[in-house]
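The structure under discussion is supplied below as structure tokens; questions concerning it will follow.
Letters are used for the chains, namely A, B and C, taken in the order the chains are written, and counting of residues starts over at 1 for each.
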Amino acid sequence: MSISLENKISTAQNLTAALSRVGDKNNVFGFDMIGEALQFVEIEGLPTNKHEEFKYCNVDAVFRKEFKEINNSFSEINMPPVVVDAINVYIINGRFESVSGKAEGLVICDLVAAQKTHKEVVEKNLGAHAKPTSSVFVALNTAYCQKGLFVYVEKNAKIDKPVYIHYLTDPISVSVINPRTLIVCGAGSNVQIIDDYYSKGANFFSTHTSEIVVGENAQVKHYKIQNEGDNAFGVITTEVVQSSNSVYDAATFIFSGSLVRNNHHVRLFGQNIEAHLNGLIIGRHNALIDNHTYIDHAMPNCNTNELYKGIAYEKSSLVFNGKIMVRRDAQKTNAYQSSKNILMSDDASIYTKPQLEIYADDVKCSHGTSTGKVDEDALFYLKARGIGDESARKLLLQAFAQELIDKIEIPSLHDKVLELFEESLK
Amino acid sequence: MANEILEEHINSEYKWGFTTDIESDTFKKGLNEDVIRLLSHKKNEPEWMLEFRLKSYRYWLTMKEPSNWAYFPYPKIDFQEISYYSAPKVKPELASLDEVDPELLKTFEKLGISLEEQKRLTGVSSNIAVDAVFDSISVKTTFRETLAEKGIIFCSFSEAVQEHPDLIKKYMGMVVPYTDNYYAALNGAVFSDGSFCYIPKGVRCPMELSTYFRINSSGTGQFERTLIVADEESYVSYLEGCTAPQRDENQLHAAIVEIIAHKNAEVKYSTVQNWYPGDKNGVGGIFNFVTKRGLCVGDYSKISWTQVETGSAITWKYPSVILKGDNSVGEFYSVALTNNHQQADTGTKMIHLGKNTKSTIISKGISAGVSNNSYRGLVQIKKGAVNARNFSQCDSLLMGDKCGAHTFPYIEIKDKTAVVEHEATTSKIGEDQLFYCNQRGISTEKAIGLIVNGYCREVLNKLPMEFAIEAQKLLAISLEGSVG
Amino acid sequence: MITIKNLRASVEGKEILKGIDLEIKAGEVHAIMGPNGSGKSTLSNVLAGRADYEVTEGEVTFNGKNLLELAPEDRAREGVFLAFQYPVEIPGVSNINFLKTAINETREYKGQAPMEAKDFLALVKEKQHLVELDGKLANRSVNEGFSGGEKKRNEIFQMAMLNPSFSILDETDSGLDIDALKIVASGVNKLRTKDNAFLVITHYQRLLDYIIPDFVHVLYNGKIVKSGGKELALELEEKGYDEIKKQFETV
């Protein structure tokens, strides 16, 4: 199948043609939703860097240059070795392929199947948290996703093994993929989720969109490992909604990518909620890695914490844009955010934009950001102990990153990420 | 002390809302090239000045009014509904103070600004040279002779155009070109007056220089321009104050301040902005859209902005420093207090170009009533700005749960040797702090004042003593309770 | 001076003071002891007029006035002083400015003219000396960054400055080293006159060696369960609260 993206963007002019895709049994969304999505794409177009939310992330230029003509054809994928004892889920070239392993209270299948088996859950949540009209990329995803992934953790189910989702992509020529994920964690459940992105082959652009629902009293740990190399482009959207007394704890590790835009949004619809968003980002080559976080405190007595650290090498650019919204009713909110960066090259750049938007008075909110170089005093101290310049710098960078890597509670995953980190320092 | 301004402000009505009954020469409402020509003609301007105005105007016509920041709804401004020139009817040349309309003198007297030099010399206040701007026109600049002895030029912008055209031509638009933004272009077209100040090489200005702005006529906008040039090794401290009568219409104030600091020069610019903020229901008040920017052009130069913003219905203002010279320093100290329906969106831009440049940002926002108060700032470290440093601290204090406090810092770093730190916090006045004060016999109202002042102390300490006295005079008016 | 009758008070619907009766005359020093959580600080907060505490029953007469009807600042102006167990920090407000405001507001309340700056400064000097407070502390922000002991000493300094007729010292001795304890105690003793009175809340007999009380009361579970002379403190020090607890547990 070959389509021109230029066409794709203006497909809505030709709505009927596009809507004929509704017949596609692999897209879970219905006629109305796809129509709405395409119309939105038509009206909005791709955001340029004049768009406040894409100020430092010129997706438009990349898209027009790289993805003008696309062919969606992929090679067979050789599965990378599995290092973590887990329930393994494979999303191949943006489509749900298979799952190995199971656990009581855990359902994993493709979204189309889930629409039949878990009609209510799917209907209530799919497209409700990541609305097609919330961004052009979510809209494109809505219109073109195929064989999305559905993960359902039943009420009070405690899943011992992590759910390890392998997103594997290997296009033969320039492609766009539209993976879609819905994860619903029932009340009182407990689960660990790992998103591992891996790719080779030609350049591809991903519009991966996830919705994660964290029920009352549920505890969800979410690890993201992005290491797709220079062929990876994408705007990845993760919409999390939490109910009362739940905990959502996310840690993102990015080691490569050409243009990676992560939108990680958490909405707190309940009281006594805890949310953590952490990230370690290594920028290499010409990478542009843009992390946008948004935490929406809608109700009182919630605590949130964010820590993002970046190391920028060569000609890479790292962007951190973190917004904390505290609405009128969200009294007794505690919200902290911190972003720390180290620049390793004359050609690298760091852009940070931490934002607080506060409408309640009895709250404790703060953000801090710092950017600098490797601590010269510490460097000197290490050298004075006979450690060479390069090793000393490495040690200090390791110290800088350690607290984030240590947030990984699964030992085998911890080691894997540590290894990736050490490799990235070379 | 200056602290009391805040204290008074929190609960008090606007005390400077009187109007002066004075005959003025006001243009018909509306803006076109003829209006600009007429204005230029009235001011007897040279051809190049008219050219500049027309160029600005034509450029302005091609621009779009900036789309509103997401947070603040405000009524659309009809630029044809504004009169672009209003001046007290006075003789064109003032030989002495006696020729100034006595009503005008009284107004400034009432505002605590004495235009009679002897009075200032013998009075409690120390030496401050004042340029008083009434509506669009500079009515009197004091102490000119004293300053002239040192080679300092301090006069109205119009006079400078006549008497120091070379300096004006050289520096006007150097920091804020008319192409800079919508209101800068508009100002370039229609600015009526303002202050000009030049400190020659090696001179420390012996007194504070001050401009006092007063809008009086209704239906007018105020578009003034201030240009301060500090030559090598010089120093000046500059103060700006402003008030306006109480009216139920919105009035536009779109000023430009440009500062140029040459090698080793230092300029301190302090503002107490007290334009009419509108009433309790958000009716009336000044729209304060000002472009203020300093250029540290020489090595080791320093520009420091200090502002206490309590007035205006809407304030958009980002006093900035371009740190071009090596080892130059930029500072921004700000207190912004909003109450009732006021909206303030203020902050700074620090653009680091030179080596070893340093900037400090301290911003204290206080929101009360149903107001919104935002800090919006940019710290930019360009490639080659080796060893640039920035420290920013932005604190917000919320009083009540109907207001908003927001922080939007943009940090862009392109040099690996840069060290940039930004911190922001939000807090409220603690119940336990209030009770502690109460227990010592201090009323809640007073206690709030004390605590708010304490919160702003870092910034208030940066205001020059003289300005604190000026501020106190403004307060004296409030004690008189004289509402016009 | 102050008469407390059947005082009951609750916080967030929970009754903490369950009927307190106490009379303190001018010139007297009363000590209150009692286990943690028995309601000692609650009593001082209620007397000072803290908002979170709801008085449900009883009355308090202070120099003939109904104390409970007065706003907290008016109680202070009438001469009630509370040395807080946990003094709060007020960033940016200098101690001096704070005290000047407090004194002048009180003077205004009493219809007196504000104190002359030089008189005020002389008073600061004198009282600073009294509690041996480092001059630098007076110029710093109220309690900000003060050590625990410095905060307590600052409370006594403020007391000396404001010259109240009735002072409540809520565990002013805790956190003080031995020297500081002596200084604070001697400060209090110097301020003692036949016209003022003190209510000293403490856990330790030690303080009462220096500030000799006329009466000692034991507060337990929101009630004064035992009263006596200064020897009661010694007895408690020795035996602890076990006996009392046992005796009143069922209450």
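One rule holds for everything that comes next: a residue touches a chain if its C-beta (ideal position, glycine included) is under 8 Å from a C-beta of that chain, and two chains touch if they have at least 3 such contacts.
All of these numbers come straight from a predicted model, not from anything done at the bench.
Peer 1: Does the chain-touch network form a line, ring, star, complete graph or other?
Peer 2: Line.
Peer 1: Based on C-beta pairs in contact, work out which chain pair has the most and send it over.
Peer 2: Chains joined by the most C-beta contact pairs: A-B.
Peer 1: Just by CA atoms, which chain is the most central one?
Peer 2: B
Peer 1: Averaging each chain's C-alpha atoms to get its centre, pick out the one most distant from chain B.
Peer 2: Measuring from the centre of chain B, the most distant chain centre belongs to C.
Peer 1: Approximately how many whole Å separate the CA-defined centres of chain B and chain C?
Peer 2: The mean C-alpha positions of chain B and chain C differ by 49 Å.
Peer 1: So what's the Cα centroid distance for chain A and chain C, whole Å?
Peer 2: 57
Peer 1: Would you kindly tell me how far, in whole Å, the mean C-alpha position of chain B lies from that of chain A?
Peer 2: 45
Peer 1: Looking at the complex, which residues from chain A come into contact with chain B?
Peer 2: 56, 328, 331, 341, 343-373
Peer 1: Please give the residue numbers of chain B that touch chain C in the complex, ascending.
Peer 2: Spelled out, the residues of chain B in touch with chain C are 430-433, 435-444, 446, 450-451, 453-458.
Peer 1: What part of chain B is in contact with chain A in the complex they form?
Peer 2: For this pair, the touching residues of chain B are 383, 396, 398-428.
Peer 1: Quick check: in the complex, which residue numbers of chain C touch chain B?
Peer 2: These residues of chain C touch chain B: 48-52, 71-73, 75-77, 81-82, 84, 87-88, 90-93, 97-99, 101-103, 105-106, 109, 141-142, 158, 162.
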